[in-house]
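Below are two complexes that have subunit A in common, paired first with subunit B and then with subunit C.
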Partner chain A sequence: MQNILEVKNLSKKYKGFELKNVSFNLQKGMIMGLIGENGAGKTTTIKAILNIINSDDGNIKIFNLEMKENEKQIKEDIGVVLDDSFLSDYLNAIDINKVMKNIYQRWDENLYFKYIEEFKLPKDKIIKEYSSGMKMKLKITVALSHNPKLLILDEPTSGLDPIARNEILDILQEFIQDEEKAVLVSSHITSDLEHIADYITFISNGKIIFTKTRDELIDNYGIVKCSKEEFKKIKPKDFIKYKKNKYEYEILIENKNEFKKKYKIDVIDKATIEDIMIIYIKGEK
Partner chain B sequence: MDIIISNSSDTPIYEQIKEQIKNKIVSNEIKAGELLPSIRSLAKDLRISVITTKNAYEALENEGYVETIPAKGTYVSNKNIKLIREEQLQKIEGLIDTAVAIAKISNISKKEIQDMLDIIYEEE
Partner chain C sequence: MNRIKGLIIKDFLNLKTYRVTALFILILFATVSFINDDILSFIPIFIPLCAGMIGISSFNYDNITKSDRYILTFPVSRKDMVKSRYLYIFFITVIGEVLAVLLSIILQSIKQQSLVNVIEVLSISLGTFCGIMILQIFEIPIMYKFGAEKGRIIQMFTIVAIAFLISGVAISFIKISSISLEEFLYIMQKYGLIILTLVDIFLYFLSYKVSVKIFSKKEV
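After this line comes the complex of A and B, so read on.
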């Protein structure tokens, strides 16, 4: 399948933080969730992809074009939702349409108002009076209304209640009904991505830990819980990392079924993305 | 068509979908030649990832229950319905063999087994 986004060896050095050789590919028709703790480098990665910050090294290709040389053209086809609001609080949805018409060549006002209706956003209220859920839906509406092929969202669900989060996930799934399109979405609310993301890219401390399909992670990974004595019998090559708690050892394993064949240990739970993240970051090997 | 997914089950989601669609094909609830929902729309309606749905359809295809025609969609396979029926018949024959063997050891008559079969079949 064709890549819509290729990130290769992206690096950026700040005082006290470094993005190191970040690489991953996103295929057409897919949703990729970018997960990681606060400060892991999710936003930096997204901003570097969009050329909002200058990377020190690395290469970004979007729609098979070099980002640095074709930025203007590429950006016409990307919808972006970033944390920092770019909309004035004192505008209403009608005003925003007027502003955006001048910014994007391919701004589709019918589409914009179609989404406004669909998401039940009041047209005459100023944004200041919107709830956080409504604000986010408006931002996404703006991102969608020039018919982008790639949607990049930084933490679109953070601070929202479960109902609003659900609605946002619906929008993302609706977007990729067209298999020419793709979504890159960062979130620290991993349960949001656990269902709908096709790929999970895990970034920690500026480095990519892995990119895997949702099914590989959820169907195969497991958390073994056992005593110290039992833990000692497990060969290091059979687990990824472990975490010593007060009453038990928690061990992250890559393949539940194979592990079960090798060891007689009673408690082997399914691993959620959150479990995987925690043991990767807090665990030892 | 009902497809019920449990997130807490140990059975992977793709397998849950595969088994449920398979059962519907075997029971003739979905008929040969019928078009299944597209991978993307099914993923959306079940709120699961596209790859999970794709995995389910691929497993069904590997087992011969469905066929995918590029740019058209996934259809319930025609040619394998007979094969599936054949497999089911063989399974039944095996089970009846066991039942008859038990009956013979225990001196249970053919008539008794037939009556039992009638009752059990009607119950369903």
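After this line comes the complex of A and C, so read on.
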């Protein structure tokens, strides 16, 4: 399948934080969830992909074009939602249309107002008076209204109630239906991504831990809960990391079936993406 | 060019919040100058000055919502962003200037009920405009370098520094060229506006180039 986004060895050094050789590919028709704890490097990765910050090293290709040489052309086809920034709070939805129709060559005014109606967003209220959910829906509306081929969203569901979150996840799923577009979405609310993401890229401390399909993670990964004595019998190469709790050990394993066969253990819990993330970050080896 | 137009429209739309304040300032200045019979030393100076300040305040709006970061996700370059900001500040100052000229002429004709000295109004306005532009030549790169918050404080020191700089340049010019103060004042009276306008145009362009350089390297 054709890659829409290719990130290769992306690096950026700050005082006290470093993004190290981040690489992953996103294919057409896919939603990729970028997960990681706060400060792991998700937003820095997104900013570097979009050339908002100058990366020290690495290469970004979008729609098979080099980002640095074709920035304007590429950005015509990208819709972006950033968690912490937007247009002025004193503009309303009508004002935003007036601005954006000059910015994007393919800005679709009708589509924009169709979304505004659909999301029940007030047209003449200034953004400052919007709720968090409404503001996020407006950001997504703006990101969708020039018919982009790639959506990049940074924490689009943070701070929203479950209903608003669900609506946003539905929009993302609908967006990729024609198999020609793709979505890169960062979130620390991993349960959201469990519902919609085809791929999960886990980033921690500026480094990519893995990129795997959601099904691979949900179907194969598992958590074994056992006593100290039982834990001692398990070879380190057979688990990823373990976490010592007050009364038991939680062991994260990569292949439930193989582990079951080898250690004759019947009950292995399913690992949620959140479990995987926590044990990777907090666990030991 | 359309994208730059979009960014300028954004800044003008932000002005909606100033509607009442701007109208209040306009009425206040008009009334005070009318009562004091001091139209020409008040309106052509303070109205454009306020307009210029409102233009510079666009940095605050972007700072609050971190709009710069968001705008960089659009198909616009950093150079486009700086260009649009310069054009917006220039346009708003011109609007302030035009308003001031019109208001001065209207108020003078009401007051004097005789012929209005349009040349005098225009000379004062052009002089003020050049002065405001000198401020902006320094203010805008400072805003790009230090951001709206720190920039505001640094800007105040800059105004004082500019005053010293201009007097310094004038005094040095008198000393070096060995002309008397009277002669210098005569030259300034005759050619001052032309010199100031040409210097302004050159420095405004230089200021734009400096701002592009600063903003290109800035992490937003």
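The rule is short, and it goes like this: the second predicted complex is superposed on the first by the 281 of 285 C-alpha atoms of A that agree within 3 Å, B and C clash if a C-alpha of one lies under 4 Å from a C-alpha of the other, contacts with A are read in each partner's own complex, and residues count from 1 in each chain.
FYI, a contact is a pair of C-beta atoms (placed from the backbone, for glycine too) under 8 Å apart; a residue touches a chain by one contact, two chains touch by 3 or more.
Model, not experiment: these values are computed from the prediction.
In the model built by aligning both structures on subunit A, subunit B fits alongside subunit C without clashing. When the two complexes are laid over each other on chain A, the CA centres of subunit B and subunit C sit 150 degrees apart as seen from the CA centre of subunit A, to the nearest 10. Within the superposed three-chain model, A:174 lies in touch with subunit B and out of touch with subunit C [touch as defined at top].
For subunit A, the partner touching the most residues, choosing from subunit B and subunit C, is C. Legend: residue contacts after superposition of the two complexes on their common chain; A:195 is shown touching subunit B, with no touch to subunit C. In the superposition on chain A, contact of A:266 is made with neither subunit B nor subunit C.
Judged by the touch definition given at the top, the superposed model places A:69 against neither subunit B nor subunit C. Applying the stated contact rule after C-alpha superposition, one finds that A:87 touches subunit C and leaves subunit B untouched.
Once chain A of one complex is fitted onto chain A of the other, the partner contacts of A:215 are limited to subunit B, with no touch recorded for subunit C.
Contacts of A:124 after superposition on the shared chain: neither subunit B nor subunit C is touched. Of the two partner chains placed around the shared chain by superposition, neither subunit B nor subunit C is touched by A:229. Think of it this way: put the two complexes on top of each other by chain A, and the tightest Cα contact between subunit B and subunit C is 27 Å. Subunit A residues in contact with subunit B (one complex) as well as with subunit C (other complex) do not exist.
Subunit A contributes residues 29-31, 169-170, 173-174, 176-177, 179, 195-199, 213-215, 218-219, 270 to its touches with subunit B in the complex. Of all the residues in subunit B, the ones that touch subunit A in their complex are 7, 10, 12-14, 40-41, 43-44, 47-52, 55.
On subunit C, the positions that touch subunit A within their shared complex are 2-3, 5-7, 9-10, 13-14, 16-17, 61-62, 64-70, 72-77, 219-220. Looking at the complex, you find that subunit A touches subunit C at residues 47, 50-54, 71-73, 75-76, 78, 80, 82, 84-91, 95, 98-105, 152.
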